[in-house]
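Following are the structures in question.
In what comes next, subunit A is part of two complexes: it sits with subunit B in the first one and with subunit C in the second one.
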Partner chain A sequence: MMGKTLFFKECKEILKSITYYIFLICVAVFFVSQMGSVAAVSKPLPGAESYGWKYSDDEADIMASALDNLLFELSRNSFGTYPIGFYKQVTLSEDEQEEIYEILVELVGKTKEELVEAVKIYGSSMDHSAVESIYIRQDLSYEEFCHAFNRIDKILGGGSYYRDDKIYNHARVGKTYQDAVDDYRYIIEKDHVSGAYARIFADYMGIILGILPVFIAVTRALKDRRAKVDQVIYSKACSSAVIVITRYVAIIAMTLLPVFILSINPLLQTIYVAADNGITVDYLAFLKVILGWLLPTVLFTVSIGFLLTEMTNGPLAILIQGLFWIISVFAASTNLIGYVGWNLIPRFNTVGSYTVFQSIFDDLVRNRIFYTIIAILILAGTIIIYDKKRRGRIHFDRALSKHIKG
Partner chain B sequence: MDMKIVLNDVSKFYGQKQALDHVNLEIHKGMFGLLGRNGAGKTTLMKTITTLLAPSSGEITVCGVKVKEGVKVREMIGYLPQDFSMYGNMSAYESLDYLGVLSGLSKSERKERIPELLEKVNLRSNTRTKVKAMSGGMRRRLGIAQAILHNPRIIIVDEPTAGLDPEERIRFRNLLTEIAGERIVILSTHIVGDIEATCEHIAVMDQGKIIFNGTVSQLLEDANGNIYEAKVSRIEVEEIKKQYEVTNVLMQSTEALVRFIANKKEEGLPTAEVVLPNVEDAYMYLMYKNGGIK
Partner chain C sequence: MLPHIIVAVGLFFLAPFIMGVRNLDLYYTAKVLDTYVSLFGIVLLVPLFLPDQDKDIRELIRSKRESIVVLHFIRMGQALLVLSIFVASFLAFLQKGNCIFPFGRYFYGTMSSCIFLGGLGILIYAFVDNIAAVYMVPLMYYILCYGGGKKYLGKFYLFSMFNGTVEDKIYLLIAGLVMIIAGILIRKRFPG
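And now, the complex of A and B:
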């Protein structure tokens, strides 16, 4: 009962906070600028000029394209990599270039001199015909190719598109009519339109919910001390767990409330589009992604905000979460459709691609459970620290702020 | 229920610095004054009783409950810290309502108690006034209202009159006396006048130690015969200050009435007469006896 009353009082307090209104504006602006409107879904017509593109799953295509891109980058000695998610331009030394050529000799069956000469001409003339005679040996298996390109990735310092798990990025092919029909069928039959749009909604909202809630959390956690209320609150009978959890849940609820409200807009649009196709949407599709996909991100972000603020009595959490957010966003920059791993912000920046989503679904579930558990553990740690501070048993602020201030 | 607070050999260290030095104290029902200069250890002592600080050694029991059992003790205590405030955007009513919830009061209890208390602390007309718009005195009154909101058996107030104007100070002292009733009220202050006006039992702290524990009468008794008053010319005042611990100087045109501490009548000051000490004199005498007045 006490918890419920406190929860509503905390929600009311959040509503009085300027930080919350800045959060609302940011979320709304981000939603309007990124989400766009739900396009009409109709069965593709045969004979269209283009049906979009997809990554090729043909190994020969992948090998040829990767080699082509490698020769181009080698000719300019300028390689794009993303070691920790950030773009990094790599220039190789003479020795390192030699190593690359040696690997290429194994792959294409030409001599090093021939390769060097061809690449040199390609670099100076930008004439692709100079390297057209260089192609992957017929007898080379895909595994051998990947192994060799992993070595190239290593020479580049890691994080390149030449690593086996990213090498598919090199081969884009146009979708066939059948591909387009399959996409349409999945959107209608499996996603009921709403599922496809719920995923892209979660993708966009996930980006902003990976950082903004930390501001609300830090503001709330600092508020007691700034208002000189901490000592009075500490002296009250209410348990530390109830105080921390009610504040936490209130922030989560108030953070997700506008997200839920915003989701009504695309949901209504998908209802209209689905009706046009004679089907009924999954009315809970957006709610499912909010609770299953976005909630763990918010739980984690707010937990970090609470814990670090309790430990430091300062806004350090914003800096830490900010760095974590940047790494998370940029780590996915090489694959915006279906990047999950252990990233805080899973990406799925497309409408449809149901089969891709199915292939990453288990990873996504694992990822979301992981962040939920971590968030709960961090929250438990926050309660313990709050309680110890309340009893005067620890003074993180003295120790840490001394170090931080130097 | 044993209505007393017992501190048994309590010490508290902040790193190397000893804030409480083997404190032994029993506090019974009624107004209890804790006097001492700034930094004497009063706030630390109060916080250890209020469960906000864990003693480094020793034991504290509040009405028979050890302070280690945090929640049970907090239920019994109403605490007004030295620099009390509330969220600036909350009104007086909202503040008490919020803190009432934290004290475990039901909605009906809060609805009944809060208007009563606002009336009692003379904030009835400020029910909707935001905390940020309140004067220092109003905030202290709001502070005492929140301290007694859950009807605690023990009220601990830390330097409640510091920074208040004389009128507010008197009003606040009266309010404390009024609410004391059957409770234990601990008033910590460095202002002797507050103690004089409200408390019969007092303890005086210095450098983390209790250097006096008894009644105000006993404190006065100790100083009796050691406080002198002399009428001297203004130019003699500085010379007297060098020789004696002066407790008060009252300038009167070309002369000055000086009160000072001395063990016996001094020949050099024939006009000096022993006088009855007031509490301020007695406090100064105590500090003088215990290592001098700083």
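And now, the complex of A and C:
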């Protein structure tokens, strides 16, 4: 009962904060500028000039195109890598180039001298015919090929598209009519339209929910001290756990409230689009992504805000989470469709691509559970610190805030 | 200002671990400067009023003969000097790493973005005595640009250098300076 009363009091406190209104404006502006409107979904017509492109999953295509790109980059001694998302151009020393040629000899059945000569001509003339006679040995398995290209990735310092899990990036092919029909069928039958749009909604909202809640958390955590009521609250009968958890839950609820409200708009649009196609949408699709996909991001961001502000009595959490946000966003910048890994902000910047979503679903679940657990552990740490400060056992404010003002 | 300089130093030394800073051409150098170094403006310029955020300290400063506006302009001058040293050092670091770019033009372009983001924060700080809210606005502006807000922001788009031009940076520079001056003057009359 006490927790419930406190919860509503905390919600009212948040509603009195200018930070919350700036947050609302930011979320609304970002939603309007990014999400756009839900496009009509219609069955593709045969004979169109193009149906877009896709990554080929044909191993022969992948091997041929990766080799082709490697020869091109080798001819310029300029290799593109993405260690954590930012482009990093790598230039190899003579010895490192030699190592790559030695690996290539195993793959293509040519001598090193022949390869060096062909690549040299290719580099000076940019005439592709110079390397057209270089192709992967027929008897080479895809596993052997990937193993060799992983070694090349290591020579490049990692993060290249030659690593086995990224190598498909080389093989972009045009979609066929049948591919386009399959995409359409998945959106209708599996996603019931709303699922496809809920994913792109989660993608966009995830970007801002990975940073904005930290401002609300820091504002709330600093408020008692600024209002000079921290000592009064310390003296109350309520336990530290109840105080911190109530604040935490209130911030989570107030953060997700506008997200729920905003999701109504695309949900209504998908209802119309689905009706046009004679099906019923999954009415809970947006709710599922908000609770399953976005909530762990918010939990983590608010936890970091609470812990670091309790420790420093200053806005350090904003800078730390800001940095973590930049790293998370840029890490995914080369693969916006289906990037999960251990990133705080999983990306799925497309409508449809159900099969890609299926392939990353387990990773996504693992990732979301991981951040939820970490968030809970950080919150537990915050409660302990808050309690110790309350009992006068530690004085982070004297030690740290002397240097990190708030 | 020391804590913010420490954070800026941290950002500086973190750069080689999270992005390529060697052998970059014009385009990729501009990308690093526009998307990363511009954030130095938020770190170093925005906390202009932080030392006198406490009302008691502010009242004490107001009781002195020297105007608080003069104090804020002196503090701003120092912050701009530190910022320019950071940006110039970063450019020199890139140049040493074999990146090819016009030093002067990119210095001007990067400083303009930094001053704009910093000015935006300072203007908000003039009205709102809440450092979290103050950091939020320039960061959100940055996110909007990152999210492809060029069509909405026009001449005030932050990442124009990375799109091949520094011409539009003049709008950011002027707007940034106007916001800084307005912020300091408003702060005098409207102390949060």
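FYI, the second predicted complex is superposed on the first by the 398 of 406 C-alpha atoms of A that agree within 3 Å, B and C clash if a C-alpha of one lies under 4 Å from a C-alpha of the other, contacts with A are read in each partner's own complex, and residues count from 1 in each chain.
Just so we're on the same page, a residue touches a chain if its C-beta (ideal position, glycine included) is under 8 Å from a C-beta of that chain, and two chains touch if they have at least 3 such contacts.
Owing to the predicted nature of the structure, the values given are computational and were not obtained by experimental measurement.
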Subunit C versus subunit B, contacts on subunit A by residue: C
Touched partner set for A:Q231, first subunit B, second subunit C, both or neither: first
Partner chain in contact with A:I18 - subunit B first, subunit C second, else both or neither: second
First, second, both or neither for A:I318, with subunit B first and subunit C second: second
Subunit B versus subunit C as contact partner of A:L284, first or second or both or neither: neither
Contacts of A:T91 with subunit B and subunit C, given as first, second, both or neither: second
Residues on subunit A lying within both footprints (that of subunit B and that of subunit C): none
Residue numbers on subunit C that touch subunit A, as the complex places them: 2-3, 7, 11, 14, 17-20, 22-25, 28, 31-32, 35-36, 39, 43, 50-51, 128, 130-133, 135-137, 139-140, 143-144, 146-149, 152
Residues of subunit B that touch subunit A when the two form their complex: 47-48, 50-54, 70-71, 74-75, 77, 79-81, 83-89, 97-99, 101-104, 106-107, 143, 146, 150
Footprint of subunit B on subunit A - complex, ascending: 1-2, 5-6, 9, 13, 16, 223, 227-229, 231-239, 243, 390-393
Of all residues in subunit A, those that touch subunit C in their complex: 17-19, 22-23, 26, 29-30, 33-34, 78, 81, 83-91, 204, 207-208, 211-212, 215-216, 218-219, 222, 314-315, 318-319, 322-323, 326-327, 329-330, 403-406
